[in-house]
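I am attaching a structure below and will ask some questions about it afterwards.
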Amino acid sequence: MRFSDFTSYDLILLAQGLGTNIALFLVTSLIGLLIGLGWALVRFYRVPVLAQIVTFLSELLKNSPVLVQLFLVFFGLPALLHIRVTPVTAATITLSANTAAFVYVIAVSAIESIEREQVEAARVFGITRWQVLRHIVTPQAAAFAVGPLVALLVNQLQVTSLISVIGVVDLTKIGHILNMRTLKPFVVWTVVGLLYYGAAKLVALLGERFENRLRAHSAWRGL
Amino acid sequence: MHFDLSILLPHLGFLARGAELTAAACALSLVGSVVMGALVAIARTSASSTLRRIAFIYVDLFRNVPFIVQLFFFYYGLPELGIYIDAFTTGVVALSIAGGAYASDTIRAGILAIDQGIIDAAEVSGLSRRKIFTRIVLPIALRTSVRPLGSVLINMILTSSILSTITLNELTGSAQIVVSQTYRPFEVYVVLLCAYAALTYLVSLAVTLLHRHLNRDMMEAVG
Amino acid sequence: MLKVENVRKAFSEVTVLDGVDLTIAPGEVVSILGSSGSGKSTLIRCINGLERLNAGRITVDDFDVSKPKELAEARKRSGTVFQLFNLYPHMSVLQNITLAPIEVLKTPRPEAEAIARKLLESVGLADRADAYPAQLSGGQRQRVGICRALAMQPRYLLLDEVTSALDPEMTAEVLAILAKLAAQGTTMLFVTHEIEFAREISDRIVFLDKGRLVVDLPTDRFFAADGGRAQPRVAQFLSRMRKD
């Protein structure tokens, strides 16, 4: 292979790579959010056995490297079940599950912090647990959790860079390709880094706006 | 479907050596992060606005760019500058710099929480600014930030798995080699996942004990 | 000689010290009285260099505290005891006392520790050398604070409302030590609310009112009807403090 200088086509490659990261980030965040909230519900209703499994699973996912989780899904699952798992499928499964574990922890701590104070009072009036969750806990817990959730999302966006290791052609993989072709690592990794940085800042900014709107909204409702 | 952990038995010694490398890298990087973090915390609490600005940019940048990109930047970039260091050293440098960005926050919070009266007392006793920092401010700040620094260490252990991508055969890298020899990815990666979870669990236990031990003197005696 | 000459100190708009003059000769015990907010503590903080002066001059044995190069020397000559003790929470009692002698005076550790133990013994805390501040009562902490200041062998001891944070019983144990120090001829500048005690140990009493030093008299003259009491502010202050 002959190394050569940058071309304008490389910009399209970089944009495509970043697009892959963002698309995967959006999809897995959404799935992770839904699964994590589902797990939190299991815990809220104290479903026997399932609640324990969910807690254990989230601890395991939180306390092990995402890279190892990726390897387990991408290399391990096909070997065990004799199925085909594409890199994108493996990345989607892993990142969704990983996000879910963190969402679960945030949701549970938010619910518990609100519940302890207020549910007892509400129960006196004979309201069901579902009504308590829907009308009393959820609005406040959401306001409580939105800060940690935004921080989580900023982090998960960065975690998507790991999918390059199992062969998904994302921004980091493009960086690798350009690095090998041009032999200009400083330029390549600086540009790649700044693109990730910009994306992270964008997520943080949007999250902050959303948080402010939520705050303003609940403050207004509080009057 | 076939699941058999016994095939790992002959490779346990090899994996243990990988774990040792992980432990060594993390221990060195923890020291590096605390040093980096302390320096940056000083800069962020200094009177010079330029210094504060530089420190802020460092923290912001290294927290918002994926670690794998930072790692490649150093691994491929440093030789271009004529700096040839091995993968282990590169990994420790990268982990220290990334960890320092997080450690600086907790150390800074610890510094800001110190009672000004204590610093006044040190100042009037004639201690130099440097001595006040190394003998009074830093030890108190480090004690109060043992717990958050523990989280930095746990994150570092998980992040260190990424060092396997620059040919370092730490725990994850060793596991990859075992997979290539046994063709049993599922078993290997399940065990690896649990090993990391157990490792981080032990670290968090140790951190709790250390926190209690170090702060026992600073807690008010009851009664 | 500790000299305060025409010192002015303001925090943004508020003038806290307004042209204060005060001289303390070695061996003297001088008490500073005044209602809260009169600038007493600020004066102490100016003398030990914790606050920068807006005007005037403070010298400790001719070392000007406003000059960075001389401040270190000036600080070696004065020791400060604080209202809230300000002990180093992560160090044992012994370490609290020996830190500055070892680091600043370069006293060898064994010697510094011997001095510290002797000081602790003199304040009745010989058995608490290895305790940590949090394990001590307020009165014990303040006694350690006094030892810490004395360990530097200062020529002037500055005491900033050292009993204000203590209950009466603990106040008594700390005052007993100060009385002993006064009797030994230690030079002291003593900011306090304890009028009776000030009367017992002081050679002179000065009275601060709204940042101005309005009275500076020998102790017996200060309490005389035609002396300090002739000043309406002083009379008012004394009668109010008596009622408490």
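The chains carry the letters A, B and C, assigned in the order they are written, with residues numbered from 1 in each.
To be clear about the criterion, contacts are C-beta pairs under 8 Å (C-beta built on N, C-alpha and C of every residue); 3 or more make two chains touch, one makes a residue touch a chain.
Source: prediction; values computed, not measured.
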Shortest contact path, chain A to chain C, counted in steps: 2
Identifier of the chain whose CA centre is least distant from the whole-structure CA centre: B
Between chain C and chain A, distance of the C-alpha-averaged centres to the nearest whole Å: 59
Gap in Å, rounded to a whole number, between the CA centres of chain B and chain A: 23
Distance from chain C to chain B - Cα centre to Cα centre, in angstrom: 45
Footprint of chain A on chain B - complex, ascending: 1-3, 61, 64-70, 72-73, 76-77, 80, 154, 158-159, 161-162, 164-165, 172, 175-176, 179, 183-190, 192-194, 196-197, 200-201
For the chain B and chain C complex, residues of the former touching the latter: 115, 117-118, 120-127, 131, 135-136, 139-140, 143, 217-221
Residues of chain A defined as touching chain B within the complex: 59-60, 63-69, 71-72, 75-77, 79-81, 154, 158-162, 164-165, 172, 175-176, 179, 184-186, 188-190, 192-194, 196-197, 200-201, 204
Complex contacts: residues of chain C adjacent to chain B: 48-50, 72, 75-76, 78-80, 82, 84, 86-90, 92, 99-100, 103-104, 132, 134-135, 148-149, 152
